[in-house]
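Written out below as structure tokens is the structure these notes cover.
Chain nomenclature is as follows: A, B, C, D, E and F, assigned in order of appearance, with residue numbering initiated at 1 for each chain independently.
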């Protein structure tokens, strides 16, 4: 029932966000994610502002942040998120080998998380605050 | 009911793995994780061999791999895993600022993953294989 | 391999549940959910009886219950569940604006859940039992 | 704020369920799970009736059902559920070796689930309905 | 290793957010959540601004938003989040009976989500966009 | 962007693993899972070696292990994993009735896991280590 909102049909406040995204990323159109969020302009604005702030390079570089993002998306099983952020990470320099290692670590972390929970391992004294 | 298996009470095959871990990490004793896994020596051996292989530096450096590991553990809500790998990441150079940014990206990724699923966003043509 | 069981091919005990669902909802046919559950008639009967009891208006009205249901389904990433209960909620009065706010809250809750777990926030004394 | 409801303080309808549980399991008192559910007598009654039906031996024996239950609880990270159903499975014959293998499979399944999602593996033609 | 940052030890930018929270909620001190987030002032500011915007009454009232929040937190197994938002919801009028029904719906939704996924139920034509 | 690697295009080390899988399972070709993992030969080798070890009959028979595997995959919502391991379990003797009971237990376990977390049930003294 919900359809993407295209630029031509968007309200001025939605267009303003779309324009910012297109300018920031140097793309002719925004992804489906933004076209669906546009149904709730407040979410669109807030999410764009937050993503800009959170994903910009800081003590972690932009590529490392994308890798972390993908790790979460794989663990949550969000197909769209994996697809779009894998594409974004490739643009920022992720090689095939890096993707292979990333997925291996995510798989291993999910396994060991369950081993910990299955064996009911208590936190070591040394790791306590 | 399940208790950690201490070195003194461990079988030779368990001791052999404990010895490898202590040597590889330069620590006097292994963490609870390994002492619980020791109840299933096959899991202990297989997990240690896999972790060594997966977590060693490759196209991704060892610290980046730890950050990915923590991202998964936060998303899974595994307290022990977050605690132990935060400690491991600090040893490999993670600063307080890096931890702050890591958690911010993980939080944001979990939020946007749900926005995608809630709006039922279809994968863009450009992200398809 | 598993196919939906249509009314014409259903056993009497399955038809009895299908008839109840159609009468309760005033629809000419049941959804795929029920046609698949029909492979295990005991699950079909138990689930229909439970859903009737749990989802009927009580101290929470029927629409609020649907919103809670959708929130869970988004968090679990269950596409079918989001689609079918979004349709159900619209019939019970959910507007586009309400859906937008619902998804925003679900996104935010998922973000802050991870911030809590990432920072390993202890429960405040005031929230303890 | 929420406290367990003890038998002495329970309403007749809650006591009736408690009595059934004690008789069915041959125990002098019910677990905390039931004492908390008692705050919502309708949930208490419905859950007990459903668990009796779902967990009784059928084409799968009672122990296999407990193992499946534990697998889900580990994957969801539900500490109480792991603890209580591990105890229940032991009573039904689960050995230490079986527990070790169970956790190993759960860990492995969680890993390979993420490998599948990370590599975005499409369903093989042979597995399609 | 990470400790809560108390008001007395906080930087001016952190104190500014703490002051806003205390004023908005009419409380003498902020919860642990904010004291931990204060380690990353940017997250503290962004999260407070977002929560204010997302959780304020709109087409959904403030209590309904809290119920949705709790539903997500239960599904994610975030103990702190359940505890703090249950307290918040009680202040906004949630009765014991409402809590009982909320948890019943969340449990039922988690069950049916898995029934859907286990039976691999395809989305009905009527629910497709 | 990522495509399956067919046998004809595979490196010798990938072919070696493919050959082992085909021989062990008596199939003319491997599933997509392996053809995608082949992009990271180290993961391919390690995963095949681990799965062989973990899934072989031990104190738990091979079918019980498949059931546990499916339970995890349903709980994680991994469509490919459910499809492929349902097929594998059928080959090892899973009947339609067993599948029906399996899914019923998985659904019930997911429900009661959330009831536990929603009511914040503390672990009974008897279940503590």
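As a convention for this text, contacts are C-beta pairs under 8 Å (C-beta built on N, C-alpha and C of every residue); 3 or more make two chains touch, one makes a residue touch a chain.
Not measured: the values here are computed from a predicted model.
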Repeated interface matching A-C, over half of the contact pairs identical, chosen among C-E, B-C or B-E: B-E
Between the pairs D-F and C-D, the one where more C-beta pairs touch: D-F
Chain whose average C-alpha position is farthest from subunit E's own: F
For subunit B paired with subunit F, centre-to-centre distance based on mean C-alpha positions, whole Å: 21
Approximate Å spacing (C-alpha centroids) for the pair subunit A, subunit F: 27
Contacts with 2+ other chains: residues of subunit E: 1-2, 39, 42-43, 46-47, 50, 54, 75-79, 83, 86-87, 97, 101-104, 106-108, 110-113, 115, 117, 119-120, 129
Residues of subunit D touching subunit F in the complex: 2, 31-33, 36-37, 39, 43, 47, 50-51, 54-55, 58-60, 64-65, 67-69, 71-73, 75-76, 78-81, 83-84, 86-87, 95, 97-98, 101-102, 104-106, 108-113, 115-117, 119-124, 126-128
Residues of subunit A that touch subunit F when the two form their complex: 77, 86-87, 90, 96-97, 99-101, 103-104, 107, 120
Touch list for subunit C against partner subunit F, complex: 1, 39-40, 42-43, 46-47, 76-78, 129
Complex contacts: residues of subunit B adjacent to subunit C: 70, 74-75, 77, 79, 82-83, 102-104, 106-108, 110-115, 117-120
Partner subunit A, residues of subunit E touching it in the complex: 1-3, 42, 46, 50, 53-54, 129
